[in-house]
Structures are given as C-alpha cells and as structure tokens.
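Structures given as structure tokens follow.
Shared between the two complexes below is subunit A, which pairs with subunit B and subunit C, respectively.
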Partner chain A sequence: MQSSSKKFSERFIEGLLLISSSITSLTVVLIVLFLFKEGLGLFSHSAIEEGNVIAVNKNNQVSVLSGEQLKNIFDQKIVNWKELGGSNDSIILFRLEDISNYYSDEQIGENFEHLPECISKLNDSISGIISFFPDKYWTKDFKGKKIEFDPITMKEVFAGKEWFPTAHPAAQLGIAPLLLGTLWVSLGAILLALPLGLASAVYLSEIANKKVRSILKPLIELLAGIPSVVYGFFGLVVIVPLIQQLFNLPVGETGLAGSIILGIMALPTIITISEDAMNTTPRAMKEASLALGASKWQTIYKIVIPYSISGITAAAILGIGRAIGETMAVLMVTGNAAIIPHSLLEPVRTIPATIAAELGEAPAGGLHYKALFALGCILFVITLIINLIVEFISSRKKYQNS
Partner chain B sequence: MIKLETINANVYYGASHALKNISMQLESNTVTALIGPSGCGKSTYLRLFNRMNDLIENIRIEGEILIDGKNIYQKGTNVDSLRKSTGMIFQKPNPFPKSIFENVAYGLRVNGINDAAFIQERVETSIQQVALWDEVKDKLKKSAFELSGGQQQRLCIARALAIQPSIILMDEPTSALDPISTSKIEELMYELKAKYTIVIVTHNMQQAARVSDKTAFFYLGELIEYSQTKELFTNPKIEKTQNYITGRFG
Partner chain C sequence: MKLPDENKLEKLKKRRQRIAFIILGTIGYSIVAILISILTFIIVKGISVISWDFLTSMPEEGMTKGGIFPAILGSFYLVTGSIIVAFPIGIMAAIYMNEYVKHGTAKKIIKQMTNNLAGVPSIVFGLFGMALFVNKLGFGDSIIAGSFTLGLLILPIIIRTTEEALKSVDDTFRQASIGLGASKWQTTKNVVLPIAFPKIITGMILSIGRVSGETAPILFTVAAYFLPRLPHSIFDQAMALPYHLYVLATSGTNISESRPMAYGTALVLVVIVLFTNLLANALRKYFSNKVKM
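Up next, the complex of A and B:
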C-alpha cells in the first residue's frame, strides 16, 4: 500500500516537472515565433505612409519609385525627373498644404468638397508634378498617375544608411547606423574589458592568496548584480562629463561612454568565467613547468593561458553577448543619434536602445512598429550566433579533455 | 660523493608536522628509493630538493637542505636556476598541451635558448635517451596527448633531461603505467644513473629492490631506516621496516 502510494507521488512529481518544462519551452518558442512574425511583416509593407497616395502627371514615364528615391525627392536632393529615368523636366513638389498656392479658398470649397478635383487638375496641368496627399482625395476619374511602391526590401533595410522611421512621406528604415552603433560600442567594450578582465582573472587564479581571493571574488560577483540603470546613472554623471572634458567635445554622450559602461558591466562575466577556466589547469602541469625552471610568469602565459584558452574565449564572447543586448545603461550614455559612427567619440545609437526608446511611440501594427520588431529579430539572431559559438567552443574543450 | 643532503630537516603544513628531523645523505650516480606508507612524507621530502614545496601556502621548512654542499634555502638562491638543475617526474604523465617537439623544447625555451638548431639537436638526443625516438620521430608536430600513457611518461622524462639537470626526482613515476612501460622506465633509470643522481618515490617494493642502490624507509614523517637496498630488503635492522616490506602494514 505504502509503496504504491509512493509510486503515485513520484509519478505525480515527474508529471509536474514534465509539464513545467514543456510550458517553458513552449513559451520560448511562442515568443520567438511572435517576434519573427511581427518582424518579417515589415517586408510586405511599402515605405510610404499608410493612407496616402503619391501621384504624378499621367505622361510621366516614371511609374515606380523606391522609398529612398521618394525621400530624396521630397528632400529636394533629386530635382529632375531625368535622374529617375524620366524626361528632362524639373520636379515640382506638391503637398496638400501647398494647395493654397494654386487655388483660393472659394475654389476649394468651404468643406473642401472641390479639393479632389483641384488636385486632379494640378496633376493634369503640371508636367513635372509629384503630389503627396491622403488617399481619400483620390477619385476614380483622377487625371494623373498613381506611383506604385515595391514592398520594403532586405537591401533597403540592411544597407540603408538612414534610420528615420517617422519621416514623411516615406519612412527610412536603414538599420546600418544602428547595427554599426551596436557593434562599435560592443567592440569598444570588449577591447576595454578583455585585458582588464584577463589580468584580474590571472591575478585571482594564479597570484592572489586564499584570503585576498575570498574577499575579491564575491566583490566581483556583486558587480554583476548591480542593476543596469545604476551603471547608466554612474556613466551619465561621471564618465560622460569626463569624456567631454578630456576630448574637448561638444557633448560627452558618445559611443566611448557606452563602451566604458558596457566594459565595466561585462567585467564580472569575463573575470569569473576565465578564472574558472584557468583554475582547471592541472596543478601537475603548472608544477611541471616550474620544475623545468620556468618562472611564474612564463608558466602563466605559456601553460595556463594556452590551456584555458577556450574558456577565456568563451568568457570574451559571453562578455560581448552581454554588451550587445544591454539596453538601459547604453540608452542613458550614448547620445542615441542614429547616424553611422565614424569614431567612438560621436554619439551612437544601439539596437536595444532604439527599441526601448521608440516602441512606446510606434502605433501597434504599423510600419514603425514592425521595423522595431525586425530590429528585435536581428538582435535575437546575433545573440543566438554568440551562444552557438560559445556552445561550440566549450564542447570542443570537453572533447579535448577526454 | 655526496650530492644531496638534509640536516635536521623539518617540514610543517600549518600545525601538522610532516617531516621530523630528517638527516640523510644521498650519493651521486646512485638511485635512491624512498618507501613508506601513504602520507609518511616521501613526496614532501622529495620536493625539498627543487623547492617545489615553496608553492604551498602555510608551509614551514626548517633545517638545512644541501645540494653539492650548498644550502638551497639560503637567502639569495635563484629558485628558477635551481629547478633547472633538477628534473622532476610526476606520478601521472603530465605533458603540456603542445606538440611532442615543443614539450621537450619547453625547458630550453623558458631558459632563454632560442637557437633553433641547438634546440632541434637537444630535443632529438633527449627523446633518444628515453628510447622514444623511433616511436615519435614521424609525428613530432602532433599533440603530446596523442601518445599512450607510457610514451607520455617517457616524453616527460625526455622533457626533464633536455635541460641537462644533474638530479632527477621521480615521484611514483610508474604507478599509472602498464608493466611493459614500467619496465622500460626502470631500464632507463639504470642507464641514466651513470650521469645523474636519481631519487625515486615508490610504493612498489619489487621496483625499489630492482632499481635502487640505496633505500630509505619513512614512517609518519620520520626516517626509520636507510641503507643499501639489498641490506634493507634482506636484513632490515628495525622491526617496523621488516613489517612494512613484508606487507604486514601500510
């Protein structure tokens, strides 16, 4: 009796464990699916703002434009149709508010009842016109040609140099500045944190005596537990002004400030993981080196570091991973300018910071919203790759030991 | 000729007294075996001669430890060059995670030798000395981990020989090896003794009897008996020794 009831309770617990692990896995899968569904939705959109129309004179040879071309037209960087493969005719911009330049209030009508007709006439009479107006003013007998837009392409997104998701009439969704910003800041962080972290790890693992280690190690682990806002705050009040003064810059909010903060935040990961790796160096191997007359330093850089190199690499990559995904602290200190950075002394904007800063103002389901989800997908892919690399390196390590 | 000597050597690990007043003289070009039950201090004693014990926290070493009549614990002793003159072989083969060639070259490189031709030649003769050359000459660039345990241990001996020490300290060098590898290493010791002073710690009575000229029996940190190997094994003066070598304890 007792044994059967015990069996039942064991089964019950096993069942619970199974259920909870399935729920966890399912949740992860659902989140990823959701992320990609929303993110990939971006590529079925066109760049033009929803509910609007772009029209030209019906004799115009141009009938398809890209989002970037449209933006350049309205920014007056493209001023002649021949630049777009049309005839030699200068481009005349027409936005709805320009209507008063052509027609009087009476002609338009008190309730704008003649507005569609007026727009139609304008498109008919001005050969170089390009007009941008809400599609409710588009009528069946419109005497002009509607410009078609291809959906947003991968190339526009990945190679686009401008991130301006709220631009009129065409949103600019080039993520190159954000991607580069993220990579620059993370790279800077790792360049700062790796030497320092490695030095600390060597000190902790090979030089410090037990007492010092027992004080330092918990302290370093504590560093990992500080909320990232606190790091951001510290960066904002200490590092940002320091950089501004040191390099004599107009603003101190730069990629460098982000790199420093992220570097500090990546330190605990780098130190603890590479120290653990160094600690696995067999004592006999170190003793063999010393017994051959090698000094302590020679033993460290010729034996300990090569032996634990895969652990050290994993530490560095995980450190980068931590830096790439970090949001709050970076948002606070990097200045968030979405321009392609040429040095670390310019403001930069990272992917996570962009998502955090813009999601609140992007209407759900809209182009901007989907673009932010696409950014999330990219971030997910980057961190996934990082995790796979770490996995690969540490599995190779296991193989080497056995 | 006396190569190694300790006079009233005492070693403490914190409060525990691991070696008690050991006074002993070891002759050059002989093999001296250290035997005794586990924990009696054999390794501790062996490691006095290349100051390997220095690495341990809270260790205290008293008395005089002499090599060629010079106290190696004197202030101003260069520990790195002292270790260069003593080769050490450990219980388990412990090659470096490097190629076979680089394992043997390691001791030369860390001692500042860069002459490639010289290193090449020294590596080759060292590997030949341990009768490993024919087995590895075609794969010197391969990782040392690809060798068998016995080959690895001979490689470790070659590695120690490459820096041309005058003393070889062996701490249970064959305890992880098969009988054939063991007998190869025992033969090797016999040959090496012409040029080196060898001290070997072993738990294997037959091995001690086979390879050593003199044997020291340690018990609970004390040196109980030290004499010619033949004498100690056939006619021990002290009952504890008798009991140990006949397997009645330990």
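Up next, the complex of A and C:
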C-alpha cells in the first residue's frame, strides 16, 4: 500500500519536472507563433492608412495603385496620370482640409452633413482629381471611382528604400535602410572588437602569468554584466561629443558611435570565448613545438591559434549576433535616422532600435504595429541562424576532439 | 649556398617574439584600461549625486531634482517577480534534465530549445511580452507582465547554472543514497539538492544583476515614463532603474539639468551589477572550500 502511494508521488513529481523542462520549448514556440502571426499579418494589409479611401474621377483609366505610387503622387513626384498609364491629364490632389478651397462653410453645412455630397461632386467634376478622405464620408451613390490597393508585398518590404510607417496617405515600409544600418553598425563593431579582443585573449591565455590572469579575467567577465543602457549612456555623454569634435560633424550621433559602443560591449564575450578555446590546446602540442626549437610566439601563431580557430570563429559570430540584437545602447547613440547610410559618419537606425523607438506609438493591431512585429521576426530569424551556426561550429570541434 | 648564421636567426626570432609580446600586452592592458575607465567615469560622476535623499525620495521638478525611489522600488518588484517566475521552473527543468533523462532525443530537444531561447534578443522578448501578457492575457502594462517577460528571459540562465551545479555533485552520493533504498526523488531532494544548493544560489544572484539592467523587455510591458505615485498592485505600471536612466538621458523635459540624476541612476545600476557579481564570486569560493573539507 505504502509503496504504491510512493510510486504515485514519484510519478507525479516526474511529470511536474517534465512540464517545467518543457517551458523553454513552449516559450520558443509561443514566441514564434505570436511574432509571426502579427508579423505576417502585415502582408494582408494594404499600405493605405486604415479607415481612409482614395478615390478618382470615374472616367480615369487607372484603377489600381501601389503604396509607393500613391506616396509619389501625394509628394508631387508624379504629376500626370500619363505616368501611371492613364490619359494625359495633370493630377489634382485633394485632401479633406482642401475642401474650403472649393466650398464655403454654409455649403458644407454646420455639422458637415453635406460633406460627403461635396466630395462626391468634386470627384465627378474634376477629371484629374485624386482624393484622400476618411471612409465615413464614402457613400453608396458616390460619383467617383474608389482606387483598389494590393496588399503589401514582400518585395515592397525587403527592397523598399524608405521606412516611413506613419506617412500619409500610404505608409512606406521598406526595411532596406534598417537592415543596412544594422549590418553596418554590427560589422563595424566586430571589425573593431575582433582584433583587439583576440590580442587580449592571446595575452591572457598564453603570455600573462597566472596571477595577472586571475585578476584580469574575472574583471573582464564582470564588465559583460554592465547593463547596455549604462554603456549607451556612457556613449552618449563621452563618445558622441568626441566623434562630433574629431570629425567636425553637425551631430555626433552616428553609426560609428554605435559601432564603438557595440565593439566595447562585445569585447568581454570575444575575449572570454576565444580565451577558453585557446586554453583547450593540448599541452603536448605546445611542448612539442617548443621542443623543436620554435619560440613561444611561433608556437602561438602556428599551433595555438590554428588549433583554436573554430572557437575564435564562434566568438566572432556570437559577437556579431549580440551586436545585431542589441537595442538600448544603439538606440541612444546612433541618431536613428531611417535613411540608407552612405558612411559610418552618418546617423543610422538599426532594427532593434526601430522597434524600441516606435512600438510605444503604434496602435495595437494596426499596420505600423504589424510592421514592427515583422521586424521582430527578421531579428529572431537572423539571431537564430547565428546561434545555430555557432553551435554547429562548436559541436564539430567536440567531435574532432573525441 | 651559405647557411644563415644560426645565432642571427635565433636573435631575430627572439626580437620578433619580444615585439609581438609587447604589442599583445599593450592591447590587452589598454582594453582592460578602457573598460575600467568606463566604470570609473560612471562612479566618479555619480558618487557626488548619491545621497540618502536621492535613494529614498520621489523625482521632482520634471525629474531634475529629488530622487529615484520609485525606480528603485519598481526594479525591486521586477527582480522579485521574475525570480518567483523563473526560479522554481528553472530548477525543476534542470533537475529533470540532469537527474532523470541523462541521454536521449528529449533531452537534446529541450537543450536545443533552451539554447535558442537564450539567444533571443531582449527586444524580441519585449515584443513577445507585449503580445502575450499585455494584450492577449490582458494584464496591461503591469509589474506582473514585466515579471513574466523577464522571468522567461532569465530562465535559460537559471537552468544552465543549476545544471552545472547538479553536475558538480559527485555520483557516489547518488549511488549511496539509491543503495540505501531511497527513491530517485528522495535522492534528489535530500542528497543532491542540498549539496548543489550554494551553486544554484550563485546563479540566482547573477540573474538579479541581469534583470535589474534589462531595458528592452520592459519598455512595453511595464515601464512608466514617469509615475507620480508608487505602484498600488502587481497589475499597476511601475518605473524601473534602467528605463529611468534612458528617459533621463534622452527624453527628459530638461536634459542638461537632469544629467546629474542620470549619472546617479547609472551608478546605482553599476553598483547593483558589481555587488551581485562580487557576492556570487565570494559565495562560490566560500562554498567550494567548504565542500572540499
């Protein structure tokens, strides 16, 4: 009797433990579900601002526009319907606030009760008109033609050169500037941090005596724990003004500032991991090299570094991964201009910084919100791939060792 | 063919080595110097701001005067909340992986997923926390939503440190206990866990440092730009130290006048991280000596 109840409690506890250990897997699955559900929702949306209508004269041959074309029309970069495959007729823009140019307050009515009728008449009488107004003023007997919008396409998002999600009347959701900004800043960071970190790791692992090493290593590990917002703050008050003075720039918030701060933040990771890798070099190999008359330095670059190259690669890739996902420090020092960067001395904006800066203002469930979740998906996929590469490299190494 | 003078070659080799070592040493020490100077900068600039009043009073006059008490309290709530969420789950997960399934596909999958979770950028945790806890479960911007988000963020850390702690327990302890007729759970509970406990605590202390500094996950799940009162319940918004520093540094009403406040806040954050790390190291050393005896 006692033993069966004992068995039951054992089973119960084992079940509990199993559930706990599956929480991480569950979380990953949930992250994927929630991120991709919102993010992919972007592609069933059209770029036009929700709750609004774009209408033209009913004789206009154009009936479908893309978000980019719409933006160019309202930015007056496209001024004739001819350019869009229509008849030779110059485009006349109409926004709701322009109504007073055509109708007096009495005609519109005290409570705007005649407003729909006025808009309808305008669309009927002006042949080149394109009007943008809230869909509550759209009536069934509207005398113009409603323009249809295709949902946003992958191409528009990935190849689009402009990120302007709150633009009127059509949001511009090209992520190219953000992707490039992220890559530039991260690559800059790793170019700074890798040689320096590697040199420090060689020094710590092979040259420094035990006592120095036992002081410096924990210190470097400690610095990996400093919050990124503190690094960002330091960058803002020290590095940004320095860059501004040094290069004589209008603003110091640049991609370079981001790269420097990210580089500093990546140093502890790179040093610790590559130092660990160098430490695994078998003593016999090093001693064999020394016994053959090689100097210590020759042993380092002919034996230790080639032997630990996969660990060093893993450190570099992991460093890039960290840099790509880093949010706060970058947000504080890069200036956050969503333009395609031409040099590291210009303000740039990265993907995580965009999410952090804009999500607070994006209404839940709207186009902008979904676009930011789509950015989150991209970030998630990039970092996942990087982590899998790192794991592949280190597991292959283990296999070789055994 | 004339052979090069052996002495000359030897000298060249030595000189090369000396130059290389000097360069490497210089780089190594200057890296450490840069990192230390960042710390020193924050400490020197912040120390004059720190006072009892600064730590215990509310922000005043558009956050240019007064203190950071609500931010400290908010961070304390978040640290406590996330540890309550992550600690039991993390320890149980590690026990399952280390004591119950030592090999096999299930363990591989769990391990892989835990690694994947550890690699997720913190801003993605913020997005996820907002979608699930704030919007889907309807917690709103609240301490509880933030605690769950941060709890999931530190879960892989706790699992990893607990696993290492359990691995360091010698197998003879387990065999002796099983040999005496104890069940697996009894062995784990009465023999393995007590021995591993100090190391598990070390992991917890380290994650306190991590949680207090994380900003991105709390941006949209809990953090308030400014709250003129203290939070009433766990369903209330709260201020938090890292977000407060961000606000003071970049978007306060008067950035130049709130700069001293920012230095003070940065110092408090740095001190928390330093303290938790030193404490964890000290504990680790203390207990490793004790176990050897």
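Here is the rule we go by: the second predicted complex is superposed on the first by the 389 of 402 C-alpha atoms of A that agree within 3 Å, B and C clash if a C-alpha of one lies under 4 Å from a C-alpha of the other, contacts with A are read in each partner's own complex, and residues count from 1 in each chain.
Throughout what follows, a contact is a pair of C-beta atoms (placed from the backbone, for glycine too) under 8 Å apart; a residue touches a chain by one contact, two chains touch by 3 or more.
Since the structure is predicted, the reported quantities are computational estimates derived from the model, not experimental observations.
Of the two partner chains, subunit B is the only one touched by A:A284; subunit C is not.
In the superposition on chain A, A:Q298 makes contact with both subunit B and subunit C. Judged by the touch definition given at the top, the superposed model places A:I339 against neither subunit B nor subunit C.
Of the two partner chains placed around the shared chain by superposition, neither subunit B nor subunit C is touched by A:L249. After overlaying the two complexes on the shared chain, residue contacts for A:C118 are found with neither subunit B nor subunit C.
Between subunit B and subunit C, it is C that contacts the larger number of residues in subunit A.
Subunit A uses residues 295, 298 to touch subunit B in one structure and subunit C in the other.
Within the complex formed with subunit A, the subunit B residues making contact are 50, 52, 55, 57, 80-81, 83-84, 86-88, 90-92, 94, 96-98, 106-107, 110-111, 145, 156, 159-160, 163. In the complex of the two chains, the subunit A residues touching subunit B come out as 209-210, 282, 284-285, 287-295, 298, 302-303, 306-307, 400. Against subunit C, in their complex, subunit A makes its touches with residues 6, 9-10, 13-14, 16-18, 20-25, 27-28, 30-31, 34-35, 38, 196-197, 199-200, 202-204, 207-208, 216, 218-223, 225-234, 236-238, 264, 267-268, 271, 295-298, 300, 321, 324-328, 331-332, 352, 355-356, 359-360, 364, 372-373, 376, 379-380, 383-384, 386-387, 391.
By the touch criterion given at the top, residues 13-14, 16-17, 20-21, 23-25, 27-28, 31-32, 34-36, 38-39, 41-42, 88-90, 92-97, 100, 109-110, 112-117, 119-128, 130-132, 135-136, 152, 155-156, 159, 183-185, 206, 209-210, 212-216, 219-220, 242-243, 245-246, 249-250, 259, 262, 266, 269-270, 273-274, 276-277, 281 of subunit C touch subunit A in their complex.
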